[in-house]
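All chains are identified by letter, namely A, B, C, D, E and F, in their written order; residue positions are counted from 1 within each chain.
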Amino acid sequence: MTTTHPRCLLTIVCEALIAGRIEADLARLGAPGWTGTAVQGRGDHGRREAHWENDGNVRIEVVCSRELAERIADHLHARYYADYAMVCWLSAVEVLRPEKF
Amino acid sequence: MIVDPVVYFFGFGLIAGLLRADLRLPGPIYDALSFLLLLSIGLKGGVELARHGSIDLLLQSVSVIAMGVALPLLAFPLLLRLGRLRREDAASIAAHYGSVSVGTFAVALSWLASRDIPHEAYLALFVVLLEVPAIVVGILLARGHRTGLDWRELGRELFLGRSVLLLAGGLVIGAAAGAEALAPLEPVFVDAFKGVLALFLLEMGLIAAARLGPLRQHGLFLVAFAVFWPLFAGAIGTLLGLGLGLSPGGAAILGVLAASASYIAAPAAMRIAVPAANPSLSLAASLGITFPFNMLFGIPAFVALAHFLGGASP
Amino acid sequence: MIVDPVVYFFGFGLIAGLLRADLRLPGPIYDALSFLLLLSIGLKGGVELARHGSIDLLLQSVSVIAMGVALPLLAFPLLLRLGRLRREDAASIAAHYGSVSVGTFAVALSWLASRDIPHEAYLALFVVLLEVPAIVVGILLARGHRTGLDWRELGRELFLGRSVLLLAGGLVIGAAAGAEALAPLEPVFVDAFKGVLALFLLEMGLIAAARLGPLRQHGLFLVAFAVFWPLFAGAIGTLLGLGLGLSPGGAAILGVLAASASYIAAPAAMRIAVPAANPSLSLAASLGITFPFNMLFGIPAFVALAHFLGGASP
Amino acid sequence: MTTTHPRCLLTIVCEALIAGRIEADLARLGAPGWTGTAVQGRGDHGRREAHWENDGNVRIEVVCSRELAERIADHLHARYYADYAMVCWLSAVEVLRPEKF
Amino acid sequence: MTTTHPRCLLTIVCEALIAGRIEADLARLGAPGWTGTAVQGRGDHGRREAHWENDGNVRIEVVCSRELAERIADHLHARYYADYAMVCWLSAVEVLRPEKF
Amino acid sequence: MIVDPVVYFFGFGLIAGLLRADLRLPGPIYDALSFLLLLSIGLKGGVELARHGSIDLLLQSVSVIAMGVALPLLAFPLLLRLGRLRREDAASIAAHYGSVSVGTFAVALSWLASRDIPHEAYLALFVVLLEVPAIVVGILLARGHRTGLDWRELGRELFLGRSVLLLAGGLVIGAAAGAEALAPLEPVFVDAFKGVLALFLLEMGLIAAARLGPLRQHGLFLVAFAVFWPLFAGAIGTLLGLGLGLSPGGAAILGVLAASASYIAAPAAMRIAVPAANPSLSLAASLGITFPFNMLFGIPAFVALAHFLGGASP
């Protein structure tokens, strides 16, 4: 049987316009990596589509330790929730190479 | 007054948008169209700049920048007091209207060309000069003395933004290469211009339709501002142009620039620097009202004004 | 008989597709090409419509719509009985073949143009008129009296679909603006037409290759239908065209429209309204067989027929 | 430590052609929001790619209560499974702002 | 209440260049289906963007049994980890149609 | 020596990239531009091939392929010994430089055209012939006798890759259709060529800027190789061209091909077949240095050399 190690997956969905800033924040907070996708969606800030410049959303996934995921989520909460369309959620995942995440 | 056919494309897009028909060009195509427009305008301006550039240009440039600073300072109290808008929204709208719309500029060029009205072709330079100052003024008006803004980051965003950079790059390449060397590039950058503009405007019509919603909620003031401010600012720009010795056609274009409102650079910058401002307000006004208004009425009005004051009949 | 070079591009795409080579243009580019084709065809048709439109047009339009209703009603029992297809599949294929293919229409225009065969240029109007009726007939044939279909939603899908809207919008703009005003747009909408068509056909070849698979499973009947029905329907269309007083070139084009099968509007509409129909069957026939068959044999055949019956030699 | 609240993540993958109808269904059923991505894939209905119009898939994510997620899944099951290429799955996630989801 | 069945979601993020090979591997190993998304990201192999041909990432999701997910993950580990930019993680999901996954 | 204006676009992209400005065209647009360039080059080459093809061509083709095999065999020991690179990296870089860059070829065509220097227009054939052999040699050099490589899969990747297929498809269509039949396609495939090339080079500049980083880490040897090897290989190519009886213009083009380094086909193939090779090394050299070096200095140098040795002055 494969040995797996528990980690946390933090999923962030936010305005594409602030993606660059979040990328910088992730690096500063020590995220081991991330994966980003261009998405659209609907939430409290209405419908957001990628057709028109600045108007799309991005979805950023970070696999890391539970502590780091919470630290990042708290930071995003404090810094962006008031002003920008953004949601995030955490979930439990398992990885094969614990040293990488 | 005959309507330039490119305006029909805007109208077509607007109607399709209001019918909520799915006529959108994919995002990458829209990007490519605006990329091409900006570069084409820059190249043509650059060729003319190298040909006719003179010492006058320095004075003209300084005056134009001064206008870019002054207009939002005039618009702001109007929006704040008369419009009873929140400070952030007033500042943001002032920034949008102080900055410029390249699409409107392109329609104005096409309008003059189809009527053979002569004008200084280096005016693309003024687009570059007018894009940024009003945005900076708007940010300062919104934030006052508050600290915490990363001006270095914002400076990058402003001066290395797509439109400033493509226009400026086009200007430099156009000036460096000259008309003759650029001739083989004309099928893409000159001959295709009006077709590309038509497709771009179709898309703008669709986008404008999606932006009209918020106007219903925000009452008459914004609509009135979006119509009357351009008339006022356009008159100022036209007068300044004549005062700076531009031909009537050139002065009218400066009027169009003054009257036009940004819908790409300003929204992005304000969203980053003044996130508390409501982006739908400013976009509804600039894209939903002022853009079509200028295309239909503003351009001919400023051309007529310039010719009335400046001599030769249109 | 010399092959139009644009057909080589289709062949190139087909071969590349069968070799499973990755030659696909990105989706947005394909979208932009078909967007441009539709708008170009509409604009040109609109200019001619304003020039030559007459009272005859009304009769012609009604007759053409009647043909669009009649053809799927003829095809349906054939598919159901002879082909032993399921009711939904027979109805769906009837809808595809009753509707039209703009790509085939564009190749026919290019074919006539390269041989200087005169034809009524306003025929783009008939493309618009033929697109929808057969689809509605097909849906009714498939669903019988069953309820539960949201016709309002479906109406939007049909009449505000990309191809109908772009053709119709182009027609209106072309008619409103006129040839002279549109001249500066020609580099994009006229001169580039055949190059754009070539790229579009390359892509269509790739798509057709991917659609040939299902034919192997569904036996000879579908292949035979995809070849013989177009010959029959095309003859009907050509005769109708001559009967309506069109020039031989114009009658041949109406024949091509009757012979052609939809591969964009019909699949989408049937997928929504008749989801039980197997989309690969109809697409394999329309795109994999009828489309290339018409390009190579249908177009010259209907032109020859029209000239044989209608007078002047090709 | 950050306080998180359990929610359910419903992931739907289906034909792009019915994305608009699913969006309307989500609104009607009361989903607090959703995020959509253009994807491709393979399943029982074969390979689905986004190159050719109508042929792509979309992936729609909804973070909401467990009950609502099940209600949506049941609705999709009843309405679309028979006729369209579609799969969906549920998973447990944690959110920071319980009032939002 | 809806009856759901536990399954495993395997998420793979790797260089787009090897997407075709992974797709073939999945078929050979018996995956019931997959969903693929064009993404970008950052990890130990640096920033990977989709702008320049060959340079993008893909994100592949497979819902299947736990055993199969582990078998796929082990295979990827053995075959690609040394040479290519790639990460993967497992998580628990629930599906409605157990026979499908 | 006057710089071709398309080179300014590369410079503009390079500067924007170094300033880390976001000027990227969306991926689909970049794809479409290179698609169009490849097809245009192929079509033009095909037309000329049908016109001037002769028995000589066979000898020329064999010699050119031999050069494609020989050059990486010469470069490999140099990179391994002098450069002290790992075996995989040396083999990979040898493959990149033995293969060719279509972008460089396009700039060379544009350079000759703007100076009215005659040249055999069927040289696009040599691009096709040179693309693959060096890559195969590189893979063999890297892997030695090791087994486990799926050559069938790799063969597909190589011979059905975009650039080989588009060039070859264009050649065949061009030869089959002939100049006259292709005339209506010229607005897209001929007239737009230089504008499309300019946009493509702008994008290449941005990509090159992002590739310069690794050079700092890997010392002077790679930079020296990226400058001096092209001079050496280009001289060989030019001499071979003269020896094969090409005009000075044609010989210079063969020199340019020899001097140019692949940055699309080779990176993809090496990444798959020799994953242990570091892709940033080879791309930094080929795209960051050799590409601009050839555009600015290589092309004029080989033209001058060809005219010096081959007769007629430039």
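Definition applied: a contact is a pair of C-beta atoms (placed from the backbone, for glycine too) under 8 Å apart; a residue touches a chain by one contact, two chains touch by 3 or more.
Worth saying up front: this structure is predicted, and the values here are computed from it rather than measured.
Between the contact lists of subunit B and subunit C, the overlap consists of F. Between subunit C and subunit E, the least number of touch steps comes to 2.
The chain with its Cα centre farthest from the Cα centre of subunit E is B.
Comparing the residue numbers each copy contributes, subunit B and subunit F share less than half of them at their mutual interface. Comparing mean CA positions across the assembly, the chain most remote from subunit A is C. Separating the CA-averaged centres of subunit A and subunit E is a span of 19 Å. With centres defined as mean CA coordinates, subunit F is found 36 Å away from subunit E.
Between the CA-based centres of subunit A and subunit F the separation comes to 41 Å, rounded to the whole angstrom. With centres defined as mean CA coordinates, subunit C is found 46 Å away from subunit A. For subunit A, residues that reach two or more other chains under the stated contact definition are 37, 91-92. Counting only residues that touch two or more partner chains, subunit C has 26-29, 31, 187, 192.
Taken pair by pair, the chains that touch are A-B, A-D, A-E, B-C, B-F, C-D, C-F, D-E, E-F. Every residue of subunit E that touches subunit F in the complex is listed here, in rising order: 15, 17-18, 50-54, 56, 83-84. Remark: subunit D residues 11, 13, 37-44, 57, 59, 70, 73-74, 77, 81, 87-92 touch subunit E in the complex. The residues of subunit F lying in touch with subunit B in their complex are 2, 4-6, 8-9, 12, 16, 19-23, 25-29, 110, 113-114, 187, 191-192, 194-196, 198-199.
Considering their complex, residues 26-29, 31-32, 35-36, 39, 156, 160-162, 165-166, 169, 172-173, 176-177, 181-182, 184-189, 192 of subunit C touch subunit B. By the touch rule above, subunit C contacts subunit D in their complex via residues 24, 26-27, 30-31, 207, 210, 264, 267-268, 271-272, 275-276.
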